Amino acid sequence: MEMIEPFTSDEMMSIAAARQLSNNQVCFIGIGLPSKAANLARRLHAPDLIMIYESGTLGAKPTQLPLSIGDGELAETADTIVSVPEIFNYLLQPGRIDVGFLGAAQIDKFANLNSTVIGDYYKPSVRLPGAGGAPEIASSSKRVVVMLRQSAKSFVDKLPFITSVGFGAGPGDREKLGLRGAGPVMVITDLGIFEPDPASKELVLTHIHPNIAVENVIESTGWNIKIANQLMVTDPPTEKELEAIRSLVSARK
Amino acid sequence: MAEIVSLQEAIASLLRNGDTVALEGFTHLIPMSAGHEIIRQKFKELTVVRLTPDLISDQLIGAGCVSKLVFSWGGNPGVGSLHRFRDAIEHGWPGPLEIDEHSHAGLTNRYVAGASGLPFAVMRGYRGTGLDEVSSTVAPIICPFTGEELRAVAAINPDLTVIHAQRADHKGNVQLWGITGVQKEAVLAGRKSLVTVEEIVEKLDPRPGDVILPSWLVSAVALSPGGSRPSYAAGYYQRDNDFYIAWDEISRDRDTFLSWMKDNVL
Amino acid sequence: MAEIVSLQEAIASLLRNGDTVALEGFTHLIPMSAGHEIIRQKFKELTVVRLTPDLISDQLIGAGCVSKLVFSWGGNPGVGSLHRFRDAIEHGWPGPLEIDEHSHAGLTNRYVAGASGLPFAVMRGYRGTGLDEVSSTVAPIICPFTGEELRAVAAINPDLTVIHAQRADHKGNVQLWGITGVQKEAVLAGRKSLVTVEEIVEKLDPRPGDVILPSWLVSAVALSPGGSRPSYAAGYYQRDNDFYIAWDEISRDRDTFLSWMKDNVL
Amino acid sequence: MEMIEPFTSDEMMSIAAARQLSNNQVCFIGIGLPSKAANLARRLHAPDLIMIYESGTLGAKPTQLPLSIGDGELAETADTIVSVPEIFNYLLQPGRIDVGFLGAAQIDKFANLNSTVIGDYYKPSVRLPGAGGAPEIASSSKRVVVMLRQSAKSFVDKLPFITSVGFGAGPGDREKLGLRGAGPVMVITDLGIFEPDPASKELVLTHIHPNIAVENVIESTGWNIKIANQLMVTDPPTEKELEAIRSLVSARK
């Protein structure tokens, strides 16, 4: 039996997400977890991944993990820099982005996302940063991959606010709303991987990460989560993957 | 043609209490020193427009200059919450803060419409989101050729737009490069505009990727070296990521914030 | 990612009879050699889109490749009439020529809408002019915020957009500079795109004022040195103003035109 | 009495037009007569005239008279070059241009312009080049100056096609059509200078060029032309003006 090096659930999440990206894909990247996973993919199997940040940097190749979507190194290593109107109107809106890679504070069973408020919009208990580029990344990318840490507080039955639309209230809603991308094809958490059921569009647990119990996922989901008939276990991180993620240096002085 | 004046004069002459003022700079070239001058001159009841209200907006809000914020992402990039922004919305301190909230694409297109002399811009977006319901500056529009439903966003034309740039020449022509964000559109949308610069030079030698704002499109230029710190100015200084992280502690508590402002801005 | 192919292959594989093909280049960087290849491959029933149909459009029309022209200014710049264009409209030679006519601003905004994935764009224009009546791709639209009446122009998404640029690298990234006109928007509006270039180089070192089209936004790149003559390519060769003047004589008479085409293009 | 050097009516036209331009004005220039007059003004009293061509060249300072609106020298001497969408949407449409300087094939008494067809639109006897940038220059510039050679064929009672709106069918029409600039404040020909009557908006002959008879103007106008009560004679070209116009070299190889 092969020895598996110990790894954290956050490392498993980033590595599982990085595996979803391949060379020459055009990937629109949110800051935080998605940026870490994309930069990891670039160091592993996808050196020619085309990373787009909403600051207008196209094809950035940072050596350090950027702290913001507009770090100097993103600009210095980009193939070109375009204005913010161009990034949204000319590149994202027409559906030229292969993978939109998003984080969020909360998600519901139809993969709608909230990053706006906890509680009432006009009297929030927690005011979150808000939409940024997310709503249009979610509506216009060819495919969307979502990453967030899973808990009963983040996987909720009803979102207080829909910042970005996944599948709305279910099948046919994206089409009715005129959203042209395929929507969220995968949600990756620190516990497992979820994919929408092709018919109902409801998220289904399709992969569980190594060392995670199904009960753990059930407890960490605010609705009655569906589990795939053939639930797979995510391949554990390889030595190379762990080495790569641990050598990612953050751009902090 | 742009006048070259001091930052103090520029803010005093171009801004009024109650004005709508846009401060733009997308991570890079944030007009921090101009924001500090607004705080020092104790402006009140401002509507601040900014895609990414971060530290400068947090300071303006905490200092009580702002009654309304038009924005699309209010956080400390890569760090977390913007505590003065949250305190204002969650607890009304130091006063109530009205908001008009958009996506980046939506607020960007509001500037584009403003820069284009149009009352609105058309886009795909908002449909199905909560933003569609909470903002009065978003409305349905139907394509007269295809019948498709899209969204219109209302033009924004700030009374004053402030940006920071690397350089200007003595005639007031402005040059910026690197990540230039939505600054051109924000300046063109503004009824007046102020550009703070790192340097005033004899001649603006061309740079790859530069944006030139001819003097006749700008109201005033003010020299303000380091005017973007802790943000950065490509070719001049780097982003002070550590300060962004430190701001989380400074801004979390009202008294710590006020004391920092007293020591560092006022 | 853009494939690097010969001009002959590119035109043969990307174009079909009956297609809508945009050829852009605003005085500078006009894709002449690509137009000649279209003529040599005897394409028929094309809808040609071009803000400023000049010599290349005159040749395509006179050669019988074009059944419809979408345009905003059809003349020989600084010289006068475009005789083949006039002969087609005035006398139906060599066949009838349908037109959809706009202002530069209008056709530009049709490309902008096409590049933006929108079915239309909004502008001030057309009202009170004859163009408002003769084009079916212009329609009234009302601002949902102010009630003001403006004009919508329908998006244009050519089957193929062809432009000429100074350089590409081996990955198919394209670089152009100088007057870059509406080329970025035309390429992005195209369902497919072809860029002919003066040179293919190892590395695209940045140039002031350059526009970079990353390889993933372009279908094909073809090497074609001098591909813009008698137009010009900044940094490579100058505009042959004398040829533009000579074209007036060459194109005035049908037989002279045909004989020149036989000797110089076919 | 001062000696007046002989001059042509075309020279008088260009010189009279050049005099209308002043330093630091932002001037959007059509090719041909307007370009010649603007370049003349730059060599005389308005060296800091800001010339804008629709090719996107801002602040061009050519040493030769360009043949096209996109000549290489315009690009090389410009303060900056912007894209064609920017020129029309960001600079012209919002009313940032002080003077729109236009030519045309035909004009009517309300200074509407035709550069599209002679005869029926669908069966024209002469197909002209068409609109180009003219309609929006005419509608959105703060003020418009028109230049054309005058004859009964160019000054017509009824235009076969309105390419660019002057005052439409008369007072109030620009406002009704939502055109925000003041419209044509002056029409300069080889015979004289016309200005709109403030009330009726109809063109009135206000200046007649030296050596031109009023009858000549009347015969060369396809409608019953109104003549100002105090008709002035245009100042003849100065020696300096003539020298400048004769030293303008065209950009032909």
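Order of writing sets the chain letters: A, B, C and D. Residues in each chain are counted from 1.
Following the convention adopted for this analysis, contacts are C-beta pairs under 8 Å (C-beta built on N, C-alpha and C of every residue); 3 or more make two chains touch, one makes a residue touch a chain.
Computed from a prediction, not measured in an experiment: that's the story for all the values here.
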From the centre of subunit A, which chain's CA centre is farthest? D
In whole angstrom, the CA-centroid distance of subunit C from subunit D equals 28
If you average the CA atoms of subunit A and of subunit C, how many Å lie between those two points? 40
If you average the Cα atoms of subunit A and of subunit D to get two centres, how far apart are those centres in Å? 58
Multi-chain contact residues (two or more partners), subunit C: 117-118, 123-124, 148, 150, 184-185, 209
Note the residues in subunit D that touch 2 or more other chains, in rising order. 80, 89, 93, 140, 180
Using the contact rule from the top, write out all pairs of chains that touch. A-B, A-C, B-C, B-D, C-D
Can you list the subunit B residues touching subunit D in their complex? 1, 115-118, 173, 184-185, 188, 212, 214, 216-217
Provide the residue numbers of subunit D that touch subunit B in the complex, in ascending order. 24, 26, 50, 58-59, 79-80, 89-90, 93-96, 140, 180
Sites on subunit B touched by subunit A in the complex: 26-28, 51-52, 71-75, 77-79, 81-82, 85-86, 89-90, 101-105, 108-109, 111-112, 123-131, 134, 148-150, 178-182, 184-185, 209, 232, 234, 238-242, 244-245
Which of the residues in subunit D end up touching subunit C in this complex? 31-32, 54-57, 66-72, 74-76, 80-81, 83-85, 88-89, 92-93, 116, 121, 124-136, 139-140, 161-165, 168, 173, 177-180, 251-253
Where on subunit C is subunit B touching in the complex? 117-124, 137, 139-141, 143-146, 148, 150, 152, 154, 206-210
